[in-house]
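Presented below are the structures under discussion, each in the form of structure tokens.
Below are two complexes that have chain A in common, paired first with chain B and then with chain C.
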Partner chain A sequence: MPSRTSKSGLNNPDASLTIRKGGGLPLPYRPRKKFWRKLEPWLYLAPMLIAILFVFGYPLVSLIILSFQRRLSGVNTFVGLTNYKALFKDDVFLQAVKNNLMLVITVPIMVFIALILAVFLFERIRGWQLYRTTLFLPYLLPITVVGLIFSYIFQLSGVLNEFLNLIGLNFLALDWLGSTRYALPTLMFVIIWKEVGFGVVLFLARLMSVEEELFDAAKIDGANWWQLQWNITVPQLATVIEFFTVVSVITMLSWVFNYVFVMTGGGPGNSTMVTELFVYLMGFRYNQMNIASAVSVLLLLVTGFFIFLELRLRAGTSAAEVS
Partner chain B sequence: MSAGARIQRGIAILVRQGSVILATIISLFPVYFMLVSSFKTKSEYIQNKWGLPSSLYLNNFNTALAGEKFFIRFANSAILTALSVGVSLVIACLAAYAFARMEFPGKDTLFNLVLSLMVVPPVVMVVPLFVSMVRWGLVNTYQGTSIIYIGLLLPFSVYMMTNFFRTIPREIIEASRIDGCTNLGVFWRIMMPLSAPAVITLVVVNALWVWNELLIALIFMQKDSMKTLMVGIAAMRSRNYVDIPATMAGLLIATIPIVIVYLFGQRYFIRGLTGGAVK
Partner chain C sequence: MKKTFQFLSLLIVISLLAACATPTPPPPAATEAPAATEAPAATQAPAAAEPVKLVIWWWGEQEAPGAQKWMDETIAKFQEANPNVTIEAVLQSTDTLIPAFKSAAAAKEGPDIQYFWGGVWTLEDAWAGSLVPLEDLIPQDELKHYINNFERTWDGKQWGTGWYLSGNPMVFNPDLFTQAGLDPANPPKTWDELKDACTKLNGIGVTPIAGGLKDGWFGGWLFSILARQTHDTEKDFMAASVGEMKFTDPNFAEWWSRLNELKEAGCWNKDINSLDYQQGQDMFVQGKAAMIFGNDTFLKGWADTIGWDKMDVMMVPKYGTGKLADTYIVTAQGMGITSWSKYPKEAAAFLMFMHTPDRLNAWFQDTGVFPADDRFDTNLITQPIMKKIFGWDTSVAGANLENFIPSMLDEQSNFAGVQLLFAGDKTPEELAALAEEVIAKWREQNPDALKNFEIWAK
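Presenting the complex of A and B:
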């Protein structure tokens, strides 16, 4: 067979490709093969491209246009930056932005807790596999379900306060979700509860791929526990810690809708309002599609920055892996 | 080992076990709370919030199933999940094959672009999507909503399948090419059977995502007969506030499929959700 293909593929320098494609195809089709080879990848990509253009491409373009328009007497008219200017005078929006930024505080807390737990599990304490299973479970449960359960736990007459009263900590039995002061921190607790398991499993998986000798060598050199963690564990985990941090920051800024919607609905008194809920309310309750679009554009810019950051980190990691 | 060293070791184990057990209790308490509450009567719940139920009161499940149109919601969620996960899998595998095993101009740029869409929050696209869905009469339909889910699932799916396809040795493909296999033949007869573990992982993770999704379902499945389970649950907060045990029973039914699948296919979840970040 090779001799036959090499004859017919005389003016094709890449003989191996000819063999690949050649095979049993009849001669008349040969001249069209080059065209076919160029076209073929796009046929495989086409369904994905169509879906992505529909779900991401078109909405993102139309979003930007909508954000510069207002509906005046039934027609969308360009109004320049009016929507954006209105936003920055809107107390509810500013409160939402502030709350999203407050939520970012949970990220270092999550990293710390996940790191400690992952290290303990990695030290193969008795039952570590079982603990890994249970610690990861919250990450899988629907936020809607979890949020509802927690809103019963944190009720004024809920199970948490009953417990606190029982052990004599009456002064701590607060209206966790019903007061403007504690609603956001309570929400933060639930977010940490749900997301920290992801960090634990992520860190643990990375730790298990580190060569044991590295730890053994440090131990032989007489490093104590803290030195071991600080000098071996943390540097070895640097890339996954970075990844987890970036993903969590993005989560806090733009993926917390479910928590807020189910647990507080933004209240009491907008104390847990977040930008996503603001978009939802503006777009679908107050029929202010243009304002909602302007907020979406801002949200997109912020996440865009972090996407860029993540891609840079990823590029750095894969380069390091190759070398 | 000296006595001092032994004590020190004991303390070290105690600290580790102590903190991990505490974390586990906190992790599991809401699940435990849901479980025990769903078997209590209303009055028993008020008297005894965290203890085990004195008897298994099953009426809550009746209330939950009848009161919230549970079966319709359950079916809606299941249909949407199956449709979106199935279609997105096929589309993602085709695209991943092109990314992993074909050459075309702009490949890396396109791949990175698709990859970066993974973190775009869905809430951003919701307003324009709603406008177009209304225009085409696709609101409150399975196909309309699953198109959105398919699009949202694609970036991660393409990323994962591409990475997996790249690990399949080139020699296998070359060999089957020489045997006269076309690209589609290689894809269907060689790549897909070899990718079974990756496909299972992807299906599990994507199904979980669609099953748990709230925002899109809330906006695009508004009609009562089309609502998903999560939308129904989110609405329980205001409606069933007085009957907490019945609500808990409903939550339990909605959660049980996930927990069972997780306990049996744990490695698929862990591999799928941490995949890409850990090599």
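Presenting the complex of A and C:
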């Protein structure tokens, strides 16, 4: 940058003649224009940013504030970490956390099922397009509808048990939703049934963009089916598997309210309680908005961590691809 | 990414500083009343030049079929008498009734009139500053006619009005009783007779008593129906809620054992834990069960489906000797006026209009449910079963216990506990201990509500 005090500085009327760029016309130094250039994109973004701050930012700040307060003598009073400490002594909350973690365990199962199905569909078996549509259809259905239908199917006297009794498998006709032992696994089944289609479509789309020459070359080299999947398919799908895994984990931690509310209400005996339902009950049934806020903040931090993880993984992958 | 973290950290620091800052102003104190003016006439809103819009959020069609028709007609008549007033009534679902109001209360925006179940279901919101007391809006001469006012009285003030009565008889099918060798004219009165009836009904392949626990509500009913029998007053449960007694005391804990006895005696449908409350009730109407702990608001609807001759009612068989064991559970479902309503006088005028003789009688004729007002024309009751129930309402009425304990105790102990009992996961002793744990937790987490409960319990 030319010095202001030198002959080539701003106050020098001949300054425009001293700066040259690439042999073309000299470019005068204009710091104000540079500033506006930098500011310009933010001005275009400002309306949306203000809207987002208002819609998300204000409630978020209120939520965090509430989580450090408790109603004493009719006034919201700062109590530090009291609400958080109370949570970790609350058996129902701890059960909810445990159940969310159990649901997270279904993610590897879901990823594996989606992967296998995508691989089979990629083999272009007859009718694969119809199968793809059929597999994706549950994902499109509203969760409430799915929950209602399965809550009827899985009743002790429901369709499933009637069928099992009919074919002589009475010992399998269990109280799927009415037993504390089976209610959560039954919920897991329904969630996997509904969510796996998304993974199938993601994996299949990625597989279809993989160069066929890779598979052809491997086959020429004598690779069997398993070796093809392990050495080509899975590495090629790595980024999509990461994405689907992280999204599914976030789903299991913070997007299962509808399933639980419709199918079991958190019962029997809190055996299917999850943190979202706990927040709802605390805030909207028991008038304990402060405790509900504390749980919401914790949930935000945990899901925020996984979102951060996904963004880091994605950034790392992009950097690797560029280099 | 670094900048995102910096931004989030800054947000958290700002929030922490704000949390320590000046607290938000308190809600209106419980003992303050809104500025008093002269009481409005019974059927007309105060003359107002400005147009008035009232919003009512209500529930009740689910419990008293025909309520929607009555509400539409009542609104039309009130608007005709008060041309400057328009009323928008929104029927809530059972699942949204409470959370929708809590959201409205947090925003201080929403209905002018809100439907509430009695007791704690009204008073929790009064304590939160969401309701106004009615003494200066509805004259005492009017209020004294409303039934079960005690369910909405706290700190010497009335925080809502009753609308209709909802009671819990034990309903039975006389035909199935006869088939099982039981005498429908002499239904079970004692606990042993009830268990014996279960054995006989099982013998003819009929479910003795139907229920549905999946959505939890029926667990609360069972608490109210059975736990009362070893007590003389509902105040015992309020006392246990504030720590003056314990839910592990034998007279509080016994009902769990008695419920377990019924379970062990095969009295219940095996799928009770996988059915909703309504599905459980439907089993009786479908003739699949001989008895149900019912609701007298459903009887007219059931009669329309199966006929009055297919059912009869009895008091709940007794195991206990407390005074409450001889009472008929009845509560008054009702309404309250919100503290943010711009038109409390007009809202009060509408509530009083609901209690005019024409509207009281129309309510009974449309729904078959008794209004919560002693000016109701009892000559309209012609059906013998309803006469029997009305006799219980007026001679042996007792409080619905669910209305006198914190809602958190009801759900985390009664709802969840009854499910665990039927799942075989917990013993009666463990469930009594669970109730005591839950109420101790409630006391620790709700110091303000505890204080209000202590005042109420006196």
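We adopt the following convention: the second predicted complex is superposed on the first by the 277 of 323 C-alpha atoms of A that agree within 3 Å, B and C clash if a C-alpha of one lies under 4 Å from a C-alpha of the other, contacts with A are read in each partner's own complex, and residues count from 1 in each chain.
We take it that contacts are C-beta pairs under 8 Å (C-beta built on N, C-alpha and C of every residue); 3 or more make two chains touch, one makes a residue touch a chain.
Please read these numbers as outputs of a predicted model, since none were measured by experiment.
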item	value
First (chain B), second (chain C), both or neither touched by A:G158	both
Chain B versus chain C as contact partner of A:F112, first or second or both or neither	neither
First, second, both or neither for A:S254, with chain B first and chain C second	first
Touching partner for A:G283 - first (chain B), second (chain C), both, neither	both
Greater chain A contact set [chain C / chain B]	B
Partner chain in contact with A:W230 - chain B first, chain C second, else both or neither	neither
Touched partner set for A:L60, first chain B, second chain C, both or neither	both
Contacts of A:V201 with chain B and chain C, given as first, second, both or neither	first
Which of chain B and chain C A:F88 touches, first, second, both or neither	neither
Which of chain B and chain C A:F305 touches, first, second, both or neither	neither
Touching both chain B and chain C, residues of chain A	60, 151, 158, 280, 283-284, 289, 308, 311
For the chain C and chain A complex, residues of the former touching the latter	1, 8, 11-12, 14-16, 18-20, 23-27, 29, 98-99, 102-103, 106, 124-125, 128-129, 213-216, 270-275, 406-408, 411-412, 415-417, 419-420, 422-423, 425-426, 437, 441, 444-449
Residues on chain A engaged by chain C in the complex (per definition of touch)	57, 60-61, 64-65, 68-78, 86, 89-92, 151, 154-158, 175-180, 264-265, 267-270, 280-281, 283-289, 291, 304, 308, 311-312, 315
List of chain B residues in touch with chain A within their complex	12-13, 16-17, 19-20, 23-24, 26-31, 33-34, 37, 49-50, 88, 90-92, 94-95, 97-98, 102-104, 107, 110, 112, 114-117, 119-121, 123-132, 147-148, 150-152, 154-155, 158, 174, 177-178, 180, 183, 208, 211-212, 214-215, 218-219, 230, 233-234, 236-237, 244, 247-248, 251, 254-255, 258-259, 262-263, 266, 269-270, 273-274, 277-279
Sites on chain A touched by chain B in the complex	19-21, 23-24, 38, 40-42, 44-45, 47-48, 51-52, 54-56, 58-60, 62-63, 66, 113, 116-117, 120-121, 123, 125-126, 131, 133-146, 148-153, 158-159, 162-163, 193, 197-198, 201-202, 205-206, 209, 225, 240, 243-244, 247, 250, 254-255, 257-258, 261-262, 276, 279-280, 283-284, 289, 292-293, 296, 299-300, 303, 306-308, 310-311, 321
